[in-house]
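Heads up, there are several structures right after this.
One chain, chain A, appears in both complexes that follow, with chain B as partner in the first and chain C in the second.
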Partner chain A sequence: MVERTPFLNLFTHLILFVGFVFCVAPFVVVAIAASHNLRDVNDVPMSLLPGSDFWVNIKTAWVTAGLGPKLLNSFIVAGGVAAGKVIISALTAFSIVYFRFPGRMFIFWLIFVTLMLPLEVRIVPTYAVVANVLSPYQAIFDVIGLSWLIEKVSGVQVSLSLGLLNSYPGLILPLVATATGTFLYRQFFLTVPDELTEAARMDGAGPLRFFIDVLLPLSRNNMAALGTIMFLWAWNQYLWPLLITTDQSHAMAVTELKQLIPNVGGTPEWHIAMAGTLIVMLPPLLVVVLMQRWIVRGLIATEK
Partner chain B sequence: MEKRVTFSSWTIGILFAVPQLLLIFTFFYWPAGQAVYWSLTLQQPWGGGNIWVGLDNFRSILSNADYWNSITASLVFAGISTGLAMFIALVLAALTDRQLAGSRLYRVVLIWPYGIAAPALALAFRFILAPEAGFLSAINRMWPGIWDPGLDGADAMASIIVAFSWKYVGYNFIFFLAAFQAIPRSLIEAAAMDGSGVIRRFWDIQFPLITPTIFFLLVINITESFQDSFGIVDIMTSGGPANATNLMVYKIYSDGFKGLDYSGAAAQSIILMLLIIVLTIFQFRFIERRVHYG
Partner chain C sequence: MASITIRGVKKNYAKTQVVHGVDLDFASGEFVVILGPSGCGKSTLLRMIAGLEDISGGTIAIDGTVVNRLEPRERGCAMVFQNYALYPHMSVAQNIGYSLKVAGVPSAERTQRIQAVARTLELEHLLDRKPMALSGGQRQRVAMGRAMIREPKVFLFDEPLSNLDAKLRVQMRSEIRKLHRRLNATSVFVTHDQVEAMTLADRLVVMNGGRVEQVGTPAEVYSRPASRFVATFVGAPAMNILEGTVELDGLSLLGGSRHLTMTRAGLPVGTKVAMGIRPEAVRLVAPNTAGALKATVDLVEELGAGRVIYVDLDGAPFSVMTSEAIHPEPGSPVGLKFSPEDMHFFSPETGSRLDVFKASVPEPAL
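Coming up: the complex of A and B.
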């Protein structure tokens, strides 16, 4: 930009172009493979001219893996996680930033620590908790003697049980239970001028009023950024839905890809597998393309 | 940094934090504590009580060759894929930041891989890298048997590294490009006026200024290589052949849910947790001090 560097410019264009090709090639290959028939897709090397069976394959993959309801599940879960994060993180950040109750810093650290251990790492015990979400509370009641007390007094044995396997809350809640969004809001709230708070208080607004009428409208950009990133993240979850949805009616689209891996025996049906892959990768890709600005902004802000 | 003006009501303040606290207690702290408890006891798979065994679970895991093999595989995977993904993304971002004609296109397209689910791209790469169809199979036509991720451990490891790196090039690119663009143009122009070339400017100005981003991404990439790799391994190799790609999270899953060895899986979780905590603390304590901030 500042000086003339023809060779370096040529080099730059060359490398960027190679990067571009490597980045786009898998998408192109998947789309082309999805348009071939069984014989052409197994040709070595596969022809890069699109075949004519694109819609047939898409339809077969759609039906084989039952993608219709699963895409719907994915939308519900990803939307639920995004909404949950956007709301709960805003509440928590408001509490941490705008109040001075004792133990505030303790709460801050309690939440901060959750950033360190991803769900994948504590997958086995989390599964046990979701199998009965009330088990932690039951255990606490047992330990502090409350169960014993209630049983003595009323004669009712306390056994709390609520299983969330194969349910939307079971899919969504554990994914919401981390601190990612809280810090995005916290950083933003800290930049909101104190004069605004003072003015609101002078006009007689309490904390609730201030939160709803001043802070939330100001954080619209943050909400869009956080919502987009969390939607993508939840859509792309694999291990968690794989574990807790034994029942097909709650399975998510991404986990269904496993059904499409071609069997070892016989000619592998790669055209169907690639058609399914294309369907599953399309919604998040669209989100990335359309919401690029928010993604870049949200990623940079949540992680720092 | 603290707010000067706050609200005085304690109860409302605490009420706002309650939903989050309930969630992280139920789905984070309780399971994490449970994992510690299980790792110190012998748990019968479907009820039947726990027997206190102290550190026996850890001892038996750490004396198991399969576990060390899994750690080695995870470290190899983390090292190579992090290196690849970060180096390629750094080069692409630095070149995009030169803002030659067409850089807008690259800025848009190079981010795409970030949005793709690990299992979806794994299935795509499984086809692209398949030994009997797809593209690498052409090599097998020339030299039969030279490439087979289904039989050769090194080939399988290479496959999952390629798939993972492809996604994280997109992710790292976003951060690197933002870091480059945050460097004031005037700094670079001043250096150019003083006669330093593009390469010199990169090493003396841009690179030192983006070191915080580099170290941040280093830790994120390594942590993600432990967790986000699960979908790739499950779709592409299922941990095989001969455990060559049996990464730590995959082993926790297969031991815990397929082998029903809850105690062993819990002990492995604890070790992995410690590893990640050490990494995070390492980032905060040591690395952050040695980097330049603009």
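Coming up: the complex of A and C.
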């Protein structure tokens, strides 16, 4: 629907502007707060004119929270999660769409059901597994009596242990499984014409060849969209990194922001906290700006 | 160069059977066209030859080797699809050369062969383009190039011209024919367009409802249709069919309201028949001519080179095609005349051909 009347134009712009203000105002306040000194930031009400200490505060925040290595950690984890999700979901959707195996739809729905079980719901068992990846196998061995047998025969006590706490795999792997991505890819693969698959078969390409040579290049936009969204999602993860990183060397930027937030009774250094927030917000913002063209293409219908 | 032998081939989708036991033999180097209305199983048959569909029963052999269990790539067939099915992200050169790349042909040889194919199809200046930037005819040629480059034993065409406009279709038709003459590979071409079928085919296979109705040269199929279905499906406008009964001195038509005097009725008196006569075999004469059927003109369709005159024969529709410069007014009475040699007889129950004049009609020379 395209209407062109001056009144409607004005009205729509007004709505647009209100929405814009709602979205942007908090960020503006954060940026202004980050530019004040300790006294000004604690004024009530806080002055909405920018102060002059912006770069000083940024530097203080960077040093106090040790943001350099934390940002690197965040990049590694968010990048790893995004890449992992793209690969896993593309492969899963490929097998679901292109192969006829028994229980195919059952498995698809099983994956779909995990949407109802986000990490927060299963965080305790997930923690247990990550603390010792092999514990489920140990449990199985114990139940079927295999550990008992091995102990009797060889005298060795079976105790499988592989801990992933305070490690990148531990941070990344539990976040990688994705029903949303699988679904997105499935929908995309369903739009790829059957004749293309058949042409590839006639050309002698096997399934993997077809996947790599035809499907992956065709799904570039989807990959970019999914990757970006998942990168942001992983970047903003809080609970999981907080839970499994007891060691500073693997802490992520978002969780480390809490170090900048004043404790009760401490100095109310909100300007530093806001400066740190700005720093941590910047990388995802850049990613979105760079990738927005791809995101839009990947999420709307296929290109002609 | 390969012969194809099809024996008792069936196809079921779940409980529905779509191909009911087809037996066919295609000679090496032959251009065979499978013609039929949509849903007659012609594409399914082609796809079974290609290996894109499982064969539910019977065997298909290429060059004497049964290929039922072979993957498409092992059968030595190349296929041109209706929607071209070009890889949208690859350039024309990559599209054409993809099968060689998969086969592990070194890049130098690949380039050389792509060039050779592109030259044949006049695609040289388009090699760097993406399929999106090509016209329909060019896409079609790329699809053919992709099939050609593998030097296949068998070419399969699945209605490759149906997405082109009329002019381009005629042009591509003759190009396909020329190509076949040069490569001389066994070709199987599926279409529902009878003009395409008649012009391209060395041999025509007419299919209906998952069964083969007739196999023969285009001329044979036209002049001696094996069934009522073939008679009405091949030829435009369609053959006129009138129900009637054989009498001593000829035929009683349209429930006895019309009588056609014929001296050579070769069927037993009382036989119910469906008499067919092609519109182009009917002459328009004055309404009171002796031995002519009287009818009323309904509609005249001008074709330029000739015209189709639709007449009403006691409620039964009937068409006449003539190249004479006659323009009867709608509503005016006319007489229809045709010779017994041009009449075809079919069983009203089974639709199969009743050979009345078998002895008197010479077999068409092959």
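We adopt the following convention: the second predicted complex is superposed on the first by the 263 of 304 C-alpha atoms of A that agree within 3 Å, B and C clash if a C-alpha of one lies under 4 Å from a C-alpha of the other, contacts with A are read in each partner's own complex, and residues count from 1 in each chain.
Basically, a residue touches a chain if its C-beta (ideal position, glycine included) is under 8 Å from a C-beta of that chain, and two chains touch if they have at least 3 such contacts.
These numbers come from a predicted model, not from an experiment.
**Q** Following the overlay on chain A, give me a clash-or-fit verdict for chain B and chain C.
**A** fit
**Q** Check whether A:201 is in contact with chain B, with chain C, with both or with neither, and answer first, second, both or neither.
**A** In the superposed model, A:201 contacts both chain B and chain C.
**Q** Counting touched residues of chain A, say whether chain B or chain C comes out ahead.
**A** B
**Q** With the two complexes superposed on chain A, say which partner A:63 touches: chain B (first), chain C (second), both, or neither.
**A** neither
**Q** Once chain A of both complexes is superposed, is A:213 in touch with chain B (first), chain C (second), both, or neither?
**A** second
**Q** Return first, second, both or neither, reflecting whether A:280 touches chain B, chain C, both chains, or no partner chain.
**A** First partner only, chain B.
**Q** Between chain B (first) and chain C (second), which, if any, makes contact with A:117: first, second, both or neither?
**A** So A:117 only meets chain B here.
**Q** Give me, in Å and rounded to a whole number, the least C-alpha distance separating chain B from chain C in the superposition.
**A** 7
**Q** Using the superposition described at the top, list the residues of chain A that contact chain B and also contact chain C.
**A** Chain A residues touching both partners: 198, 201, 304.
**Q** Show me the residue ranges of chain C that touch chain A in the complex, using the header's touch definition.
**A** Per the touch definition, chain C meets chain A at residues 50-52, 71-73, 77-79, 81-83, 85-89, 98-99, 102-103, 132, 146, 150.
**Q** Using the touch definition from the top, list the residues of chain B that touch chain A in their complex.
**A** On the chain B side, the touching residues are 1, 3-10, 12-17, 19-21, 23-32, 34-35, 38, 88, 91-92, 95-96, 98-100, 102-103, 105-106, 108-121, 123-128, 130, 132-135, 137-138, 140-141, 166, 169-171, 174-175, 178, 188-189, 192, 197-198, 216, 220, 223, 226-227, 230-231, 234-235, 249, 252-253, 256-257, 262, 265-266, 269, 272-273, 276-277, 280.
**Q** Please name which positions on chain A make contact with chain C in the complex.
**A** Residues of chain A touching chain C: 193, 195-196, 198-205, 209, 213-214, 217-218, 304.
**Q** Over in the complex, which chain A residues touch chain B? Could you list them?
**A** 1-3, 5, 8-9, 12-13, 15-16, 19-20, 22-24, 26-27, 29-30, 33, 41-46, 88-89, 91-92, 94-102, 104, 107, 110-111, 114, 116-130, 133, 136, 173-174, 176-179, 182, 190, 194, 197-198, 201, 206-208, 210-211, 232, 235-236, 238-239, 242-243, 254-255, 257-258, 260-261, 268, 270, 273-274, 276-277, 280-281, 284-285, 287-289, 292, 295-296, 299-300, 303-304
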